[in-house]
Amino acid sequence: MGSTFGKILKLSIFGESHSPAIGGVMEGLPSGSTIDSDRLHVFMQRRAPSTHVSSTTRMESDSVEFLSGVLNGKTTGTPLAFIIRNSDFRREDYSDISSVPRPGHADYTGKIKYYGYNDPSGGGHFSGRLTAPLCCAGGIAIQLLEKEGIRVSARIVRIGAVTDVSEFCEESAQPVPIKMLDEIEKARAEGDSLGGIIECSINGLPAGLGDPMFDGLENTISQAVFAIPGVKGIEFGDGFRLAEMKGSQANDAFCVNDGRISHLSNHAGGINGGISNGMPVVVRLAVKPTPSISLLQQSVNMDTLEETSISVHGRHDACIVPRAVTCAEAACALAILDAILLRRSEAYGH
Amino acid sequence: MGSTFGKILKLSIFGESHSPAIGGVMEGLPSGSTIDSDRLHVFMQRRAPSTHVSSTTRMESDSVEFLSGVLNGKTTGTPLAFIIRNSDFRREDYSDISSVPRPGHADYTGKIKYYGYNDPSGGGHFSGRLTAPLCCAGGIAIQLLEKEGIRVSARIVRIGAVTDVSEFCEESAQPVPIKMLDEIEKARAEGDSLGGIIECSINGLPAGLGDPMFDGLENTISQAVFAIPGVKGIEFGDGFRLAEMKGSQANDAFCVNDGRISHLSNHAGGINGGISNGMPVVVRLAVKPTPSISLLQQSVNMDTLEETSISVHGRHDACIVPRAVTCAEAACALAILDAILLRRSEAYGH
Amino acid sequence: MGSTFGKILKLSIFGESHSPAIGGVMEGLPSGSTIDSDRLHVFMQRRAPSTHVSSTTRMESDSVEFLSGVLNGKTTGTPLAFIIRNSDFRREDYSDISSVPRPGHADYTGKIKYYGYNDPSGGGHFSGRLTAPLCCAGGIAIQLLEKEGIRVSARIVRIGAVTDVSEFCEESAQPVPIKMLDEIEKARAEGDSLGGIIECSINGLPAGLGDPMFDGLENTISQAVFAIPGVKGIEFGDGFRLAEMKGSQANDAFCVNDGRISHLSNHAGGINGGISNGMPVVVRLAVKPTPSISLLQQSVNMDTLEETSISVHGRHDACIVPRAVTCAEAACALAILDAILLRRSEAYGH
Amino acid sequence: MGSTFGKILKLSIFGESHSPAIGGVMEGLPSGSTIDSDRLHVFMQRRAPSTHVSSTTRMESDSVEFLSGVLNGKTTGTPLAFIIRNSDFRREDYSDISSVPRPGHADYTGKIKYYGYNDPSGGGHFSGRLTAPLCCAGGIAIQLLEKEGIRVSARIVRIGAVTDVSEFCEESAQPVPIKMLDEIEKARAEGDSLGGIIECSINGLPAGLGDPMFDGLENTISQAVFAIPGVKGIEFGDGFRLAEMKGSQANDAFCVNDGRISHLSNHAGGINGGISNGMPVVVRLAVKPTPSISLLQQSVNMDTLEETSISVHGRHDACIVPRAVTCAEAACALAILDAILLRRSEAYGH
């Protein structure tokens, strides 16, 4: 349980930070869909550590090898499997984690859950490295969505104390504002780390996607997005600010636009009753600060039950938010594509 | 799709606001579990409209009839089905919704999704009334959890501009503070409505519950909680405030307490890597203002595509937050009980 | 787990032989589908005991009450729930089953599985009575399939020593041949019972339905059909006779018929690689003799662990095969309709 | 859809006959389970072509590479992924299949299903080669079952006209009787092929495994076993012979054996109401003759819609039954292990 997502488009992710390879299997991809490997590589590089200042010094080429499900650049319709080799791994860096858990990581919970048999190196299956297969699968989903005129784009709206107050701009791969980079660099210099807020917008969605109650777009996007390590909150449209608003302010009134029904505002983030209403779906994610910091923290030796202190060295990001932007797009795209495929079955008889 | 939740404990909810009955089927409940009908009734009455000031005047006894799966007050282990008859329904109140959708409701999205065949009366399957079977199922889950020493309790921390700054108190069924009731009454008098924030705490959980990536506690609690109409945001632990914190502030350091590993703080809300760490699981939900307001709003006649205005009369709450508190407890309990049942299979060989 | 079937069209069945009601919830039915209640009633009556000679004397009107999901005779698209009240139940008939299990029934396995908390009366959830909701759901599925030109029809090809050697006739609701009725009557007079073989044919299917490996039509039809109590074998096309044939005899050669690709024979029963090939899907089921017989059988008192003997009185069929014919059609129809709905998602982009 | 199996133990299989690799992902394996790679290799070699007389001349070492989920020879509890490289593949052998389908294969149905985008070489994802990952996963399951004292063993009971009338012998890896090998050799010499019947017995199962209705052991074993290409029928216990028996002959009377409840016979094949009764679970499979034969067969050119003839050369088995024996054990073991893991959740509170 855990590493599988989707109802029609089923994604199964595997691997550990320091296993021979990580990867995924995608079942339910429509046949005959073109996969542009070059664009997929560009998308995945946005997540890759090497392209980010203030990022981990672990170098991974993150080159994807397709094992099945693709023929002449098109999906066959049968399971598409891909792997990414872990080339630059150093088990010794994490040799002591198995007894002294790093605060804020899953070292402790993973050990309890798997009765001590989990792979502790680099967080094992809990590592942020597992977002590479997530981005590979999501990058494929994005390519399919684009053919339907659906665009998924995320940006950073806050890092630490710095907020971006600019208008929303529907464009992917926007550069991180200088002020935010400075904020990150400052935290790194202190041996500390930062979190932030990401906003993801999905434009061009038709109305009618999603299901009531437990399988609304809010439910399924949440299920996908909380797979990104460090995400601790999600809101749609005006989200938590809705708690302070009145109904007359929060409701999105209807209007007619170019002969089609539309809305005068988008406080609901494009979703009513779990179902898309034709407005952009707007999602915001809270990302906690990277738990790996070199500052001394109190921990416990799980074998001896003695309190001790730990300073996390090794290679890690002072702020993962810039890299998580790509992950957010990937996770949202997977949820949306699955909803679109499900929607097909409803058209039966219509 | 949509109205089914859970992996081991599967809940299927059915009904419409004005169908003959609403109800649910619970599959996977362990056999031999005692169901205290009286306490279940008390729990469900906390959600029921009649018990809330400023609430809808629709009167429903919400009495549960068990159809199967219970024998001599104990679960048989086979599917437990229950229904709640809809006694006080008035289809005429909603006769015009099918052409003029109410802003903020699922009238429009439901019509698109179901190609015009959905039941529009009172929102049909999207009605808040469907939280009655959710609370019935959740109330049963709560009774099972209590036997494991797990307590689920929610309270209101904000309604409109009024916030509750008191310490967290682990007690269910706390009365709504007077100031909040006044705030609601004021909005009602204006023909308007209010939203708020609910905090739910799950205490007594063992460490090790939940799965990595897509089936962590955050993912599954979110899937359950977004089934409550009006919820537009969720956060765990310090949630969105984590975006402003540094790693050194956000990490929960380990300590030894009474010979057991514990944490010095709970910024993570009891969850690391999707898995419970033994601290209370703390969830906060943003609930939007009730969309039903008597103030005039702009809408569109879906048949003629002409803009028009609508004032929502009928019976509705000026603020559903007080009733949603019970729903939050129910939804969280279902997610947690399912995680506990799943956990059993992992103990294989240990 | 257990009483839920389907991927897009999800059916959840509940109830016990002597619970207040039995029923089902169907999720994923396309909206706007007409349900002809009269024809559904006729279909269900084919299963009902009252209409069969040599059948149980338990009288049940089996009238279906729709609780949700139907409006003006058409599906709304949201969960369709229905119940059938158990009117004629007599718990006392089965008072001793809880300690002395009936051979061939699930009394013993049910008690073990549910740790003694299962409802033993009439077999509880394992009762053949649970095929009433199966037939209700399947009858609805058949009505939808008919609109696509797909016909599901089953007949008895063997009861005890009597076989039907007539040509296949694609017609539903064929009368049971007199010789078979005589055979049943003879067994009943001896206090014994009989089994038989049912053949079900699904005509008018397009090629391309079903999925490879674990979700082929053979896999999913089997999953549906083994839900009928007493079914102990299933075969497709020539089935077990294929073991005696050579490849040159067993292969279905291709031909062109009216400008379309077809086959010269149908040894494969319309399925290759789990996927329909356009020929009729032919399924044969082995049904064991009714385990309830009045002849003395050896059993064990589960409380005292003493061997004892049991003669099963109460009301039961000397041969359930005539009634199981309808169940076979229902189960097959559910599997096929689900495959058709799944197929829609594959058409994405084509 | 299609290549995924299991509820707790989820297996996802991928690959094509001539893709770079085939493999699988197993999620839900209990942590800390020892995997004996040498014994797994021996198990898989029983399926491998090289070890069978009269088998395909395609040589594959079938060596398994574990990519994740195993550490120091034990499962970590997180997804276990493995691949098997396709070394000896020759796409040219199948260059004409894409237009002229081989009778009895999935060439035609695969092309329809995937709109012509499937990989036709060697049957692509429908190839018998995909049973290699099935056997790898099943071989792992068998090792876990053995620790519980559960043994899965299959043997051939019929090939063509030759039947094995010997007593059941609970032993895995029994040699194929000489008479059967002669029968196969004779068919091969004629350019033809043979099918047969495999019997699989699962010994040492506790009573209480499996679920009612759609998830009984019969349903789930069927779902697993029909994943083996060529299986066209399945029966449990006396299966189709039960159709000719009377209740007094077919029922398994209870007895007390060594102070424990047992049965005097096993006509039901160890399953009542879908649930194991403590007797050996006995499954028999009908396997059709290998469709690949060199004798001329009629087919159709799918591009030109002209009838033509085809003689299937390339490398293939004259009878796959000897190799399918291992696959049957693997498929049954996966279904049983999943049922055992599910059973754990039922023990809640007991």
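To keep things simple, chains are lettered A, B, C and D as they appear, and every chain counts its residues starting from 1.
We take it that contacts are C-beta pairs under 8 Å (C-beta built on N, C-alpha and C of every residue); 3 or more make two chains touch, one makes a residue touch a chain.
What you are looking at is a predicted structure, and each value in this text was computed from that prediction instead of being measured.
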Set of chains adjacent to chain A and to chain D: B, C
Centroid-based (C-alpha) most distant chain relative to chain A: C
Chain pair, A-C or C-D, that carries the greater number of C-beta contacts: C-D
For chain A paired with chain C, centre-to-centre distance based on mean C-alpha positions, whole Å: 44
Distance from the mean Cα position of chain D to that of chain C, given in whole angstrom: 26
Overlap residues in chain D, where contacts from two or more other chains coincide: 1-4, 7-8, 13, 28, 31-32, 77-78, 113-115, 125, 212, 342, 346, 350
Sites on chain A touched by chain B in the complex: 1-5, 7, 13, 101, 103-106, 108-110, 112-115, 123, 125-126, 130, 158-161, 187, 190, 192-197, 207-208, 210-216, 218-220, 222-224, 226-227, 229, 231-256, 259, 261, 264, 267-269, 271-277, 286-293, 295, 297-300, 302, 305-307, 342, 346, 350
Sites on chain A touched by chain D in the complex: 1-4, 8, 10, 12-16, 19-23, 25, 27-28, 31-32, 65-69, 71, 74-81, 83, 113-119, 124-125
In the complex with chain C, residue positions of chain A that touch it: 7-8, 28, 30-33, 77-78, 144, 147, 212, 340-342, 344-350
